[in-house]
Amino acid sequence: MLINCAAYREGHKVADLAPEELGAYLDQPDTFVWVALRDSDAAELESYRRLFNLHSLAVEDASHGHQRPKVEEYGDDLFVVMHLIDWVGGELQLGEVMVFVGRNHVLSVRKGSKLHFLGVRERCEREPELLRQGPSFVLYALMDAVVDRYFPIVDLLESELEEIEQSIFTSGAARDNIQRLYALKRRLMLLRRAVAPMLEMLSKLHGGRTPPICARSEDYFRDVADHLARIHGAIESVRETIGTAIQANLSMVAIEDSDVTKRLAAWAGIFAAATAFAGIWGMNFEGMPELKWQWGYPAALGLITTVCVGLWYRFKRAGWL
Amino acid sequence: MLINCAAYREGHKVADLAPEELGAYLDQPDTFVWVALRDSDAAELESYRRLFNLHSLAVEDASHGHQRPKVEEYGDDLFVVMHLIDWVGGELQLGEVMVFVGRNHVLSVRKGSKLHFLGVRERCEREPELLRQGPSFVLYALMDAVVDRYFPIVDLLESELEEIEQSIFTSGAARDNIQRLYALKRRLMLLRRAVAPMLEMLSKLHGGRTPPICARSEDYFRDVADHLARIHGAIESVRETIGTAIQANLSMVAIEDSDVTKRLAAWAGIFAAATAFAGIWGMNFEGMPELKWQWGYPAALGLITTVCVGLWYRFKRAGWL
Amino acid sequence: MLINCAAYREGHKVADLAPEELGAYLDQPDTFVWVALRDSDAAELESYRRLFNLHSLAVEDASHGHQRPKVEEYGDDLFVVMHLIDWVGGELQLGEVMVFVGRNHVLSVRKGSKLHFLGVRERCEREPELLRQGPSFVLYALMDAVVDRYFPIVDLLESELEEIEQSIFTSGAARDNIQRLYALKRRLMLLRRAVAPMLEMLSKLHGGRTPPICARSEDYFRDVADHLARIHGAIESVRETIGTAIQANLSMVAIEDSDVTKRLAAWAGIFAAATAFAGIWGMNFEGMPELKWQWGYPAALGLITTVCVGLWYRFKRAGWL
Amino acid sequence: MLINCAAYREGHKVADLAPEELGAYLDQPDTFVWVALRDSDAAELESYRRLFNLHSLAVEDASHGHQRPKVEEYGDDLFVVMHLIDWVGGELQLGEVMVFVGRNHVLSVRKGSKLHFLGVRERCEREPELLRQGPSFVLYALMDAVVDRYFPIVDLLESELEEIEQSIFTSGAARDNIQRLYALKRRLMLLRRAVAPMLEMLSKLHGGRTPPICARSEDYFRDVADHLARIHGAIESVRETIGTAIQANLSMVAIEDSDVTKRLAAWAGIFAAATAFAGIWGMNFEGMPELKWQWGYPAALGLITTVCVGLWYRFKRAGWL
Amino acid sequence: MLINCAAYREGHKVADLAPEELGAYLDQPDTFVWVALRDSDAAELESYRRLFNLHSLAVEDASHGHQRPKVEEYGDDLFVVMHLIDWVGGELQLGEVMVFVGRNHVLSVRKGSKLHFLGVRERCEREPELLRQGPSFVLYALMDAVVDRYFPIVDLLESELEEIEQSIFTSGAARDNIQRLYALKRRLMLLRRAVAPMLEMLSKLHGGRTPPICARSEDYFRDVADHLARIHGAIESVRETIGTAIQANLSMVAIEDSDVTKRLAAWAGIFAAATAFAGIWGMNFEGMPELKWQWGYPAALGLITTVCVGLWYRFKRAGWL
């Protein structure tokens, strides 16, 4: 489905276009068209394939979707795939945006995500001196927007982790913690599978051997790469911390279990002592003189109490109670 | 055993051939023959070795089988080994396909797998403009088919993992989970040993220094490489998640064990208290006035009940019960 | 906010300047100005951007802050970001210093940290033969100061680790240890995220392809890189040791728990034996001749004592008590 | 000690030689001598050092032994060290073979292993068209023989692992499993220290910059490298599986322990209930009317039985028994 | 403090010198001086800095000490830092040796270690044909001596590990083992921090781009590198084994704990059964006919014994006892 479509010359918008008017602008000097699509079907993509002379492998990938982030050169043209990650209803939702970049066109196709790029077009149109760099600047602007949207996701995961950390040393929260850490790890992996290949792909767009079409915007791609590297660093850090947190959590469970065992041992000991004494004086032997003493019973109670309190005190001091 | 055999000129099939007719086509310009074998013995391979002038080290490898995925250049020819992975009777089954590619021939040998490549030949014949690229396109088409068959295996392993995940925080499922996670890991390793070396081998077929025979199909090999990279990413992700799941499972066992210990401690405490009191009033001392009180027995029962209920309430509140 | 600002010619200070006097010195030969700012707002940065002709992407990064350590070349100019780490009130505090280096200027902007660099300026002014190298030497001096301030932080973390280690095999300290190890790991990660990217960035400033502006100070950057590599080695070592310490701690908890279980088992066995014997002689059968023997009771007590002491001795010998 | 010694010209054996006849053949065109030694002492090596003009560092290494697998170039000559691994009396035994390769000589020295290479010489002599490649083919043939002997060792370790796996989820086998896994890991590490450096060393003998003496046999070295890569892959796979198996084993111990604790808790609860009731009716209060009822005793027994069976049933249903 | 000091020409010692005589030999052709210092203060180093024209950054590092192993080129000169590791009183002791190498001088400074290098000078003087290589051979000889001293340390750590391994599956040794493994890991890390950077530094002294001063001794540096690689391999192997040993140890603790729990459960069950029966016949009901039977008591004792023995046998068979 078409979102919008316009032609730009030397950084300024020339006209909003209908799809059938596109052809007229493709051969004008210093001019390019920028088309934004959404959830396109094969037929729509096919029509643009013919128009912009796109490589069929790239169009096939765009049509199937579920690609990993990548940049591919087909001759002088580029085909770029990026992941869109959105926070919908308490869960991360994965979408894609695919961008075809050529000398005279930019075609972006968004799939399975509600995140839109209207702001990107506006920003580009407000900065004609930069947009003059041509299609590569549009690509940069789209990438920048995609990466900018990763930041709140990372922040969210980081603050989720911090929240878990606060209850990691709280007794009784272990089951909850492990469940939340596991879920957090899953989300982190999703984000990481968006970020890591994109970082690799960006390294092809600046420094070393850059595709000619990107040459004028190299500094800008490096800037995006740098922001992404920051996100990647944060992800790796969260990932390692989750690992440590799971270990710490397991340790806490073991420690608590050990504490409970100690208490159990202590109270079992105290009651077992009382019961053993009571059992002895409950025997039916005839020659048990203490049973007949006047103060026998109180003395027995006293002895039992003394033993119990003694044990209790000893366990208390040993930190078992 | 011969599956089929045909000669192609400029992308179009010229003729289906019997093995003994092959020689006639080998020196015709722009022509190549494509032979598909299955579970060949040494004698059959030897005959093709002489026909296509294959390197004896490559033929030896093909004859022995149990190779790792690899691509080897012998002069201008290529020898490629790929793993075929099939899901047979609830278990992964490993086979191999070995492909000899030369200027005028493609020879594929399938071993130990029921997966066949008839569809590949059909697809190639339907796209003569691509098949015109020559033997390298056939190689691409075979690779693409092999890789396409990895996707359902990955999906299977991923959904197996998701199924396990759903019972990971269910109490009582730990033994089952650990067993299934272990089996899943084993399967994943099998797949990984097919995918990782193949990814490495594909990096030799596009970009950088490509064998001359593959030059015209570079974009296609890159596309396969990209699909494979996606599979590899998924494998790594599953692998890391299995690791975390095993840890989470161990934590859950520890937490449950701790819960049981608490319950045990609680009930043991309650009963021990009751028994201790009963034991005391079961002693045979003479001077135990309460034994003679009219309401002694009910009072004792009441006291015991009170103590037990008190303990029960306290344990309940502490979350031990 | 301006901290200070001066012009240098051939290694000697020419004059302390007010911001508006800066322009006059920018085109003089062998002369550069060195401006130090602190917590600057966008307006202040913008004025220097125009003055020194800085790249707007760099200025934007400087204005936003929260960058990762990096060095970026914009034409002949450099933009460098470093992390400042300070120990404030028992916690690590993260700040930043951003440095713009050009042929005729050094502009440093400090953000969110109380660590200052007055000593750096003094040191530079005391060594005019070195300062003659120009702006790159100032960059080196700032880097050296930043890295020097990492050393006490590493020492602190190392001695924290050693302190924890001393109580790792002490019984009863497990909960505390795991909490401290976790906190230490977090701090270490913070430091590592400052050091690792800086190490990578320094590798661009010596050896191989160095930015022309740094060529005269290469040996110095290598020296800083070397100091940083030492810190990095220490961090990795602490990190690995924390991992081992967490495992050792978990083992200790398990061992202690096992010891407690043994004791519990031992005492439970001893008391249960006593209670069982007492219970038997507490039965109300009529034909229990031993109940009537003269020495029955002492003999029973003796037997019970013997059994208990026997068990106790046996458990003692087995190391359970 | 000399094993055997012969001269070869253009792939064919010219003569079996005594050591003192060697010199005569060293300067003949297209001729090389192949000497095999075993457990040589320094004096013997020294005589060959003078004869073949070997580098003293290489001879020193050969004389000391206990080297890691490596290949070193000394001018045009090569010095190669490989590990021999043999299965002797239920344990892996490590030996070495060192090979000096020059334009006109191959000198192999075997140390501390009973594995011999007579078959290698025979095979070479049967294939004169290959042996014509010269000393490098002999080196290949020796390497191939060494690597071929790793395969049964890997198979052995893999089947050992599979055997352990079959009892990993069997209760009661944990102690045995962990001991066997540990021993297996040790053996694996031994093999890995033979294989990993050899793989690295082989990468110097094919592709890229190859020593001139090996140029004609490059394809063959690549083939050995490939076989070794397969072994290495298998080792890494076993290694990772051992890690997972140890974790799974630990989980199984924890699960079993938890099961035992549950049973203990269940039976303790049942008996404690019975004892508590019995204790209550064993009290000596006077006003306990139920003691005098005609059906008091059977009713009490019935109640106790009912409670016990009720608990038993409940525990059964909860999976504790 | 000066240890010794001599001048060498063409591999032969010319004269033992006093420090003030050094200057005279610095400009003679094919001559170099070799000065050995120990625990030098800044003043002593400063005098040599002027004499040999050393770079002040290198001298500063040498004066501060606590460097990581490294090699730095300053123009044509080299500055090398190595760690000396000694076994003093049951603990590893870390020292340093720093070597300045120039066309006409070798200056070694030893710090904080009692290990000396007198043997190195003797060995060099015994081999004038090698010492003719000049200062680089002295550097080699020093490195070789440093590395040779790592071997006994590695052997020591390896035999320590083997000793621990022998008690890893012994019950009751877990606490000791974990403590020893932890200490071993710490020592290993110390050695590793000496070896790993030195290995990296040695890779700069042979193969690829070698400093001109080392060109004649390349083969020798490669030989040291190889020895060091062997040590590094051993360290990595010990390190991985320690990790596995800690896991195995934890498993053993868990297994033992489980065994104890089983025993506890078994004996508790046996005694609880006896107590429950005794409790029942200890009840004070009137209508308990078995109490009055002639053989009631022996029958009761028999029943209790039978039950207990039956349970004991069952537990025995289940492996709990």
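All chains are identified by letter, namely A, B, C, D and E, in their written order; residue positions are counted from 1 within each chain.
Note that in this section contacts are C-beta pairs under 8 Å (C-beta built on N, C-alpha and C of every residue); 3 or more make two chains touch, one makes a residue touch a chain.
Remember, predicted model here, so these are calculated numbers, not experimental data.
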For chain B and chain D, the contact-path distance works out to 1
So if I superpose chain A on chain E by CA, what angle comes out, to the nearest 5°? 145
Between the Cα centroids of chain B and chain C the separation in whole angstrom comes to 39
Quick one: report the Å distance separating chain A from chain C, using the average Cα coordinate of each chain. 24
At least two partner chains per residue is the criterion; list those residues in chain A. 247, 250, 254, 257, 261, 264, 268, 272, 275, 279, 282-284, 288
Write down the ring's chain sequence, where chain D leads and chain E follows directly. D, E, C, A, B
Mind listing the chain E positions that touch chain D in their complex? 165, 168-169, 219-220, 222-223, 226, 229-230, 233, 237, 240-241, 244-245, 247-248, 250-252, 254-255, 257-258, 261-262, 264-265, 268-269, 272-273, 275-276, 279-280, 282-288, 319-320
Looking at the complex, which residues from chain C come into contact with chain A? 55, 57, 61, 66-68, 70, 72, 74, 172, 174-175, 178-179, 181-182, 185-186, 189, 193, 197, 242, 246-247, 249-250, 253-254, 256-257, 260-261, 263-264, 267-268, 271-272, 274-275, 278-279, 281-284, 288, 290-298, 300-301, 304
